[in-house]
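Have a look at the structure below, then the notes.
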Amino acid sequence: MNEKIGDGDYLLLYLKPRKTYMVKAESAKTFHTHRGFIKFDDLIGKEFGSSVTSNLGATFFALKPTLQDYIMKSARQTQITYPKDIALIIMFSGIGPGSLVVEAGTGTGALTLALCFHVQPTGKVYSYEIREEFAAVAARNLQRAGVKDYAELKNKDITLGIDETNVDAVILDLATPWLVITHARAALKPCGTLVSFSPTIDQVVQTVEALAQNGFIAVETIECLMRGMQVERGKTRPQTLMTAHTGYVTFARKAIMDAQLSLAKRAVVDVGVTSEKL
Amino acid sequence: MNEKIGDGDYLLLYLKPRKTYMVKAESAKTFHTHRGFIKFDDLIGKEFGSSVTSNLGATFFALKPTLQDYIMKSARQTQITYPKDIALIIMFSGIGPGSLVVEAGTGTGALTLALCFHVQPTGKVYSYEIREEFAAVAARNLQRAGVKDYAELKNKDITLGIDETNVDAVILDLATPWLVITHARAALKPCGTLVSFSPTIDQVVQTVEALAQNGFIAVETIECLMRGMQVERGKTRPQTLMTAHTGYVTFARKAIMDAQLSLAKRAVVDVGVTSEKL
Amino acid sequence: MNEKIGDGDYLLLYLKPRKTYMVKAESAKTFHTHRGFIKFDDLIGKEFGSSVTSNLGATFFALKPTLQDYIMKSARQTQITYPKDIALIIMFSGIGPGSLVVEAGTGTGALTLALCFHVQPTGKVYSYEIREEFAAVAARNLQRAGVKDYAELKNKDITLGIDETNVDAVILDLATPWLVITHARAALKPCGTLVSFSPTIDQVVQTVEALAQNGFIAVETIECLMRGMQVERGKTRPQTLMTAHTGYVTFARKAIMDAQLSLAKRAVVDVGVTSEKL
Amino acid sequence: MNEKIGDGDYLLLYLKPRKTYMVKAESAKTFHTHRGFIKFDDLIGKEFGSSVTSNLGATFFALKPTLQDYIMKSARQTQITYPKDIALIIMFSGIGPGSLVVEAGTGTGALTLALCFHVQPTGKVYSYEIREEFAAVAARNLQRAGVKDYAELKNKDITLGIDETNVDAVILDLATPWLVITHARAALKPCGTLVSFSPTIDQVVQTVEALAQNGFIAVETIECLMRGMQVERGKTRPQTLMTAHTGYVTFARKAIMDAQLSLAKRAVVDVGVTSEKL
């Protein structure tokens, strides 16, 4: 990890909570904000985390962007999955360094870049997206976060099939996940994990049914509410507004089904919630 | 990843939601449950995800344990951090393959093994624990999950100091995190992240104040509520009971403070919630 | 309100949070608990709120039961609606002193007694219940709370029709509320309110559709999560466990529909959430 | 209840969720909106719930305002307590027809009018407010809702004392509730209830301590999260944004304390959460 800010590095300029800017440090250039402009030459060569003062006297800190910053600053052309949901998707999918992952749809690449980040250095993310127009912005976001080599962006309709086999996880964030379950089963290695993210309950019901019918077990669905706290001695309280809903996360494991094993019977048993995790 | 169940492999025997067992497959041995016993020889050599029937006719699936399974099955001598909180800690700390991490306290190693899993193959987790009696159980849990090489367990009081320097993240899950903030600053590389997990509001307030006084910026505190869904066509509803509270997660970045820069002034500005993430 | 404890009065004996007993003070009798017995003669004639010591030295306070206490201590043969939901039902139904209310099903009378309490002294609650076996326990619970005169318990199937007309509100807590919407419309005065409480999303969807088809407007559905706080200086935190879900509350107003007014058109407009209330 | 719209009646003109107007129907007058104007003469004499069409073709329904509507439309000069919190305050205070209630501060009268509505026809609400400028708006809001006779608005500082005695409940929604606890104890009848609403945790801690020190028992603190549902077959989901926090509600009962009874001892026991209610 490079500790000094170099020409061409991305920075998260931090003014205060809710006021941050993702910029590229370029020699001889300036960056303008409503609080004045700063010169990148004042930052290049200094340590990440250093401050710089604008011509109007405002102090900015030049942070090295983290995964989360890259996620949040991905272009918002589609509903990006929130960091909290990405965090849960990664936890429940069990992916990590070396994992082979199929994902759809790519969108602007927010989830893709999180997956790529965590499968480094020997894993790979095969990311499907039917809408051609997203390819460029997704590629740029992956490039900026330095994880483009771990992704293969595919302009394909995943509901028609998955090219890969023997992958560790299939992760779905698209409108009709239930149409992909059969393909996901074919692509997954035995015992592989499937994670699906959907905003509506109806999507969840259809997906859970498809999972049960296709020999997935340990099927669970959760939702996560995240609330910020305003912390100040004598005035501490939860924040006033919050995101009430992003989506439900469903996860499941691919089982090996014997001929004798009635899927219908298993389906009844497996749909439910493992309270242990909750 | 080995696809076939081998002699000595750990298995998650899955009967149904809420009924799973972490066992070691050992040739010529049996495993007894309230639903009968199974013979490991019926599983060894088969693919992970395969089923086996007990002498009483119950079907068990032999899943390959995921990170989450290892976390949940870590011995519960201390309050283990929940997977949802571990997921958020990993996301907000920005750690990944190659990260150098300091953690305290180790406890039974649930968070430690998640951190080790994600810093593979070139990172390292230095985990502090003052209570000597946890070392053995933590080591066993790390061993079982196959990530012991990425941890260095230290039977030391982290409130007295941190041996490491230039680490990417410091992660605190102990009773008095505010006593560690100065040491954490010294240990972190510029721009490094600090994450603290605490059950009570008073701990959070003291920690946030210590962070502001020690030149940390972008200080945020969140809590996360996770609720399971019972998904069944015509009967879908949230689960009846849930965990109401595990703890608050506070995260922050180490800034480089110029002599001229008043810490007191920054402290006022930085305490708050970046709504972008929420 | 009688301030002194009389022979025959109901008391809420309070030992500590989670340990309360609803008892009838009877002269010359005793009440036995795991912490010893008390004599009612030690309480009769004293003020409500007074304490009494058991033969084993435990202190009990003799509280005058509130509406909430009566609700909580209603026999639990059916899933009783929780005080928080009863509170919202009363608020959103707009009922108060003098209101005429139709309710179904009675169950053990927990919601019924809350409604009766609030329509005093000139209102009335017509409560339908198809299961005959609940009549006795509901009557006893209403009697105990002193509000029996404001209820008319009817052993009838409300899905077959409502006898009353021109009522202010219809309140439904039964398995198939959508089968009652047409009858509710006939029973309600113009502009009257309908409130329905259902545990599952599927019940809500069917009910909301029936409301839109029957000329109801301002249709809204909410759910309410209540979390207790453990308050103690230096250790304050939310409680560890909570009820994750009781049910969804849907409310609506009966509109007068002109012949020209397309119901279908209105339905589309009215389904949604008035954020003002939230 | 008058079913026909009369000259001078208040109406809630309902266009769609989130678009409602509280207006006074006045003969020969019109009401202008962004969707055109309506003539009140088209509504006067019709039933409440009837529709009227604007000159631009928009349909409005003339609803009879409910308690909740009056609450929501109270002038927003101060942070009004939300209907959900008012609902819980009424439930947990145990007030109803005939109750004598002390309240502070009045503010714009939103909570006051809910209390007045529910203590009809023989109860009374004594509402304290130190800021003189609120008296007029509170009086107007009570007048509009038709409950002004049940309130006595007092321009007094309740932290200096309460004039009334033997009241059923004291309800506090002000910045320093702990300064009123001693006065509240003096004003309450034995076994009376105290309810306090506060946005910050620090206020709650100070209030709970003051309650324990002043012989209150059954002290509990809760918070309530309300989330709207977007209900539409095939697309049902929770709403996207919600209010994350309004405040905590603390409630308690006044106990009669014997000389022998150590308050300090009771205090430890009584602080906590009665899980029964949750």
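Per-chain numbering from 1; labels A, B, C and D assigned in written order.
Please note the rule applied: a residue touches a chain if its C-beta (ideal position, glycine included) is under 8 Å from a C-beta of that chain, and two chains touch if they have at least 3 such contacts.
All values reported here derive from a predicted model rather than from experimental measurement.
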| item | value |
| --- | --- |
| Steps in the shortest chain-to-chain touch route ending at chain C and beginning at chain A | 2 |
| Touching chain A and also chain B, the following chains | none |
| Geometric centre distance via CA averages, chain D-chain C, whole Å | 19 |
| Chain centre separation in whole Å, for chain D relative to chain B (CA means) | 44 |
| Shared interface positions of chain C, touching two or more other chains | 201, 227-228, 233, 236, 239, 241-243 |
| For the chain C and chain D complex, residues of the former touching the latter | 1, 3, 14, 16-18, 20, 46-51, 59, 61, 63-64, 66-68, 72, 82-84, 86-88, 90-92, 94, 96-98, 117-118, 120-122, 168, 189-191, 193, 201, 204-205, 208-209, 217-233, 236, 239, 241-243, 248, 250, 253-258, 261, 266, 269-278 |
| Chain A - residues contacting chain D, complex | 199-202, 227-228, 233-245 |
